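Okay, so here's the structure we're looking at.
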Amino acid sequence: MKKDYMSDASVVIHEPCNIYGKPLLRRNVSIGAFTEIGPKVEIGVGTRIQGGCFIPEGVTIGSDCFIGPHVCFTNVKHPMKDGKFTDSGNYDRTRVGADVVIGANATICPGVTLGDGCIIAAGAVVTKSVKAGQTVAGNPAQPMKEK
Amino acid sequence: MKKDYMSDASVVIHEPCNIYGKPLLRRNVSIGAFTEIGPKVEIGVGTRIQGGCFIPEGVTIGSDCFIGPHVCFTNVKHPMKDGKFTDSGNYDRTRVGADVVIGANATICPGVTLGDGCIIAAGAVVTKSVKAGQTVAGNPAQPMKEK
Amino acid sequence: MKKDYMSDASVVIHEPCNIYGKPLLRRNVSIGAFTEIGPKVEIGVGTRIQGGCFIPEGVTIGSDCFIGPHVCFTNVKHPMKDGKFTDSGNYDRTRVGADVVIGANATICPGVTLGDGCIIAAGAVVTKSVKAGQTVAGNPAQPMKEK
């Protein structure tokens, strides 16, 4: 398995898991098995990432977040243009605030910002930014009232 | 890979696959690759679990079920409360009956019951219990007529 | 890991990845980690498959496609009938044309055809065939206007 990241001994990683290109995993981060993390990703203090997630280059996640199992981030709106693949490095930035909860199997489209303390319901497909404290659900994800 | 479960020689497990904390896999269960199964899970006789599934603590699955590829179960509605992560062991129970079919990439929210012989369509996000024999689809999953 | 396929040295496969039963991977195909590919699959020249995909027997993919992370194909509408599992080999055919883009975590139901140059949005659940050049999104996937 690939294990190439910057961190300290407080980080817990469950195998197998691929981490490429020296992302920054801050103190007390934990990462579930069958997860991939790409270059230049940053993950904040105490954030927990469950199994089977995909976090490519261009994603920044704040502190104390819960990223549920099978959550899939993305980094390019149009991976092909005029018959050519988008070049590596030309990525949209996705920013996740602090204290964010992302439910299982959610899909986060490229270039969105998820505000502090927002909640993304399980299975949601997030196509635009979510305000701090807001809860969204569905495909495409829409604001919902907390029950 | 972690392989810590109770069963007999009739069980087939495709590697790599992580099984934690001695779940009970009954006779003739088969488990696809890249799947994770957690503690105290129970899986009934003859049930087939495809690749890339996530089945955490708190889930019980009956006999002769088909669990499609990438199906994602969950076990806690609110993984964070007042800034703290929910403690391990304090999980919602999800119960899957016998002869249930769960389509590919479906997401099962915590605490639901899926009745005997029900069908969950591919990609469905199941937020509440499903009656025996019922077919549900969509996000959130709703009853549908069989075609 | 299982690695049983037909190809040449131009193919790039990221580990871990399971490839079963000699599928045909044409020139310059790349395959992401945690992906499974089944028997008799064919993947066209230059197609890129991201991490965590599931591509079972019965799927044919054309050239120069982009298959996003966690995309899940399927091959049988009714995996159980009269209490018996559908026999291996009795699969629906799914055909993906050339220059197709499939977004992250999309689910492709069995037996559909995705026409040349069509775009499947991230998280879409594709239940019927998509015309060449068309963009679809949602659950179930519906045609959308490009923005």
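Note that the chains are named A, B and C in the order they appear, and that numbering of residues resets to 1 at the start of each chain.
The rule we apply is simple: contacts are C-beta pairs under 8 Å (C-beta built on N, C-alpha and C of every residue); 3 or more make two chains touch, one makes a residue touch a chain.
This is a predicted model, so every value here is computed, not measured.
By the residue-number overlap criterion, the interface of chain B with chain C counts as different, with under half of its numbers used by both chains. Chain A and chain C carry the same sequence, and matching their CA atoms takes a turn of 120 degrees, rounded to a multiple of 5. Averaging Cα coordinates per chain places chain B and chain C 23 Å apart. Looking at chain A, one finds that residues 16, 34, 52, 70, 105, 125, 139 touch two or more other chains.
Considering their complex, residues 1, 16, 18, 34, 36, 52, 54, 56, 70, 72-74, 78-80, 83, 85, 105, 107, 109, 125, 127, 139-140 of chain B touch chain A. The residues of chain B lying in touch with chain C in their complex are 14-16, 32-34, 48, 50-52, 64, 66, 68-70, 99, 101, 103-105, 121-125, 137-139.
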